[in-house]
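Across the two complexes that follow, chain A remains constant while its partner is chain B and subsequently chain C.
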Partner chain A sequence: MATESANGVSSPELNERDVVITTNDNRNFTVKIGVARVSKTINNMIQDLGESLDLSSGIPLPNVDGPIFEKVLEWCEEHKNAPEIKVEQDPHTRERKWFTMTEWEEEYFRKFLSHLWDLAMAANYLEIPSLYYYTCQKLAERIKGRTPEQIREMFGIEDDLTEEEKAEIRRTNVWCTY
Partner chain B sequence: MLSTRRKSNTRQMKNLGEPSMSSEHIPTELLYNIFLMLNREEIEKCQLVTSRWKDLIDTNSPILPLYLFHEMCITREIFMIRERGGQAMKLSHGDRLDLQIIRSLKNVVFERYIWSEWTRSSVAEEMTKKLAKESGGSIKTIEFYGNGLYDEYQQVLENYVQASKVHLKLMRTELKQLFTKNNFAQLSTPPSRICIDCRDPLNAKVLLDFMKSGNDASRFTLILGTPRTDLVHFYGNLVQLFKESGNPEKFSRHIQLVGRDHGLFYSTSRTIFDNGIVTCTRKDEENRVVYQIDRKDGWVLIVAFQKDITESEDEDLIMNYKIELIVLKK
Partner chain C sequence: MEQEDSNNSNQKILQKRKSHKKAPIEVLENAILLKVFSFLDAKSVVMTEMVCQKWKDVIQESIDEFPKMLMDQIKLHFDEGEVLVYPIDEKKVPSRHIMPPVEKLSGHMKHITINSLFIRGLIPIETTPVLRRSESYPFSEYDKRVVDEEILHRLASFLSTAYHYIRQPK
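Take a look at the complex of A and B:
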């Protein structure tokens, strides 16, 4: 039986077909199914729709806007054949192990450095673990070694702690050097 | 920098970029996943950024990464907590120990926790228990220089702390106790590696009997020292065990022999040659001479010889020899 629908999940033919995805600013993106599927959310939608999927009328993404989706798509294109990432932690300190990024990934984040929060939130909604955890790492990298003041400035966060509260934090965290 | 980036992205700039992202919009889960990538020091620093971050860290403190200290050392007079970089906090026993500091240790993991034989004093014992109980810290390696303290040590390990690796320097009687009771296995989270430092060669016999009796010693790393002739015999027996045992891992995965007598090491290597078919000889990346014995079913015994030259205080050169036996499954 020739599976024309999206139910033939692993069908390479289907991966080559186009699907239209509409972002919340009414922009239409024509994307190869194999690329769109890097997002588990979109993949689930394609599977759920099954026979009834109309590839041309499109899949709506009410939580993502066009400019960010465009950036996410760049990631998906590069990672369409990438294996699932492994999130590992040190069994003692519980610290997450940092991922080793490829030159392409480093360049990607250099390019979109000022959109890290949006990328992380889009990746979370679209369920793209690689983009989500890698962006978290990039954000952690930005936080590392910077003073609280520099962090607030960088992320545009308001300083709503009183001096007393700060003194209390420093007192309870006896090893804290900031 | 921001301005150039803005130029390169012409569409819908007003919705994008860090400055427009006010912190309330960041989902809790995202922040949590960022904090998990940071070490404890960075996390505590993040508490100073904004009240939202502070509250989130407060609430999730027990599941966020722990502070890593290099070592905690308990001796007769003081105990010392050392950071990885070497900065040490010395605390005296008795009333001078500030409970506040102990409580602040709840989010730490110690790479090494050393109980010296001086810990014998009841004050120190009390202190250890108090510290372990109050801090709830996790411990990677416990080094225990026993002198009849085995039971207390066991109690501390059972009730207060977890360790993945235990390094024991034991007297013969304690070693017997360890092997007869084998109570590590009964701990709720037994250590994955138990390193036993038994420089007394008579211990070798106890060990060998333990292994021969079919007990599982796969978690033990044994360090044997001050080699004498009877140890050569011991090594010969180990190689024999390796060749015969169905699951050679059971008799220990890693055995080290350290000493200064070159002749003895020479005869040990000969014993190994006589007992086993050495498949290959090579030098490894640590410049050790390595003999390898392969079993048909995939088990490999690696015997590595290493020569170390160190300078003593009066500038004499001291030769140290180390033989390691490592059992591997290919």
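Take a look at the complex of A and C:
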């Protein structure tokens, strides 16, 4: 991944150079281009800027805040040489195949368990497929097999369905009990 | 008194919802929710539908993309106004249900894939009275003035899409 050259400069050389990235709370992060490029959004910006890229004045990220970007960078550092993930679905049950995570990845999500939604948002915006899919899988892992009440409590979601609506859903799904 | 309280809270919920506009951030959130839900099995999807309004909408808007619960067979007995659902596990007894109003049949099938669908009692003279009875299913907001042709028309439109619920051969 990320072997294509930007602006005629050979990748290995460019990847070692630093770029400054500014998050929406005006925090500056100095990052190796090879690491920043794990984000396709940032990679595209670097390529688009081409000649005019001023590595020291930096790239603004208006949709990500510092504390989350810090966590995202940890992921990028670890995954800078990782191959593209393969997204697969069982054609018959239509269930998505779950990814097997490394010990490092499991630990990463344990550490940032309370930031999963923010990580998913950031990974989606920054186009980091590995982080995006893996975070979504982690969220699904927490939802799976739990009752609506447990899920609401876990994520602090307000119960905004009326009793009639809940009764209607229950009635509609009454054939689904084994 | 209790009834009143529950009505009040329902009204509050509905009012809140009305004033709630879809912000761009919400569109993004919906895409993420969809991605999260795409990892779930059918049973969990059914549970997840009851969490809140937004989650319910996300699931129902993209219902075709979700995994389905596999059942062996569903028997629709229009002449007797009942439905039998046979699970894949032959040792388990089939469950028996009252025939829902015709327009709600596809809603009942939305999380389900079946190996086969059995339909009995489609002779209008037999079926219409039963269907009319099932239209007054305790929960439906049935309009008693509805004419027979209308029921039969809705039935025909359900049947014309029913193959959709049968599992494709491997």
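Some notes on this structure:
Keep in mind that, in the parts below, the second predicted complex is superposed on the first by the 165 of 178 C-alpha atoms of A that agree within 3 Å, B and C clash if a C-alpha of one lies under 4 Å from a C-alpha of the other, contacts with A are read in each partner's own complex, and residues count from 1 in each chain.
The definition used in the following text is that a contact is a pair of C-beta atoms (placed from the backbone, for glycine too) under 8 Å apart; a residue touches a chain by one contact, two chains touch by 3 or more.
Because the structure is predicted, anything quoted here is derived from the model rather than measured.
Once chain A is used to superpose the two complexes, chain B occupies space that clashes with chain C.
Contact with chain B, but none with chain C, is seen for A:P67 once the two complexes are overlaid on the shared chain.
With both structures placed on the common chain, the touch criterion links A:N81 to neither chain B nor chain C. In the superposed model, A:H92 lies in contact with both chain B and chain C.
In the superposed pair of complexes, A:D25 makes contact with chain B only, with no contact to chain C.
Look at A:G156: by the touch rule set out above, it reaches chain B but stays clear of chain C.
When both complexes are overlaid on chain A, the residue A:T100 reaches neither chain B nor chain C. In the superposition on chain A, A:D118 makes contact with chain B only, while chain C stays out of contact range.
With the complexes overlaid on chain A C-alpha atoms, the stretch of chain C that clashes with chain B is 27-35, out of 9-17, 27-35 or 135-143.
When the two complexes are superposed on chain A, the residues of chain A that touch both chain B and chain C are 92-96, 98, 117, 120-121, 124, 132-133, 136-137, 139-140, 143-144, 147-148, 151-152, 157-161, 165-166, 169-170, 172-178. Residue ranges on chain A touching chain B, taken from their complex, read 25, 65-68, 89-96, 98, 113-118, 120-121, 124, 132-133, 136-137, 139-140, 143-144, 147-148, 151-152, 154-161, 165-166, 169-170, 172-178. Chain A meets chain C in the complex at residues 92-96, 98, 117, 120-121, 124-125, 132-133, 136-137, 139-141, 143-148, 151-152, 157-178. Of all the residues in chain B, the ones that touch chain A in their complex are 2, 5, 9, 11-12, 15-23, 26-27, 29-30, 33-42, 44-51, 54, 63-68, 83, 100-101, 104, 109, 138, 140, 164.
Residues of chain C that touch chain A in their complex: 6, 9-10, 13-14, 16-17, 28-29, 31-32, 35-44, 46-53, 55-56, 65-71, 74, 83, 85, 87, 89, 92, 95, 97, 100, 104, 107-112, 139, 167, 170.
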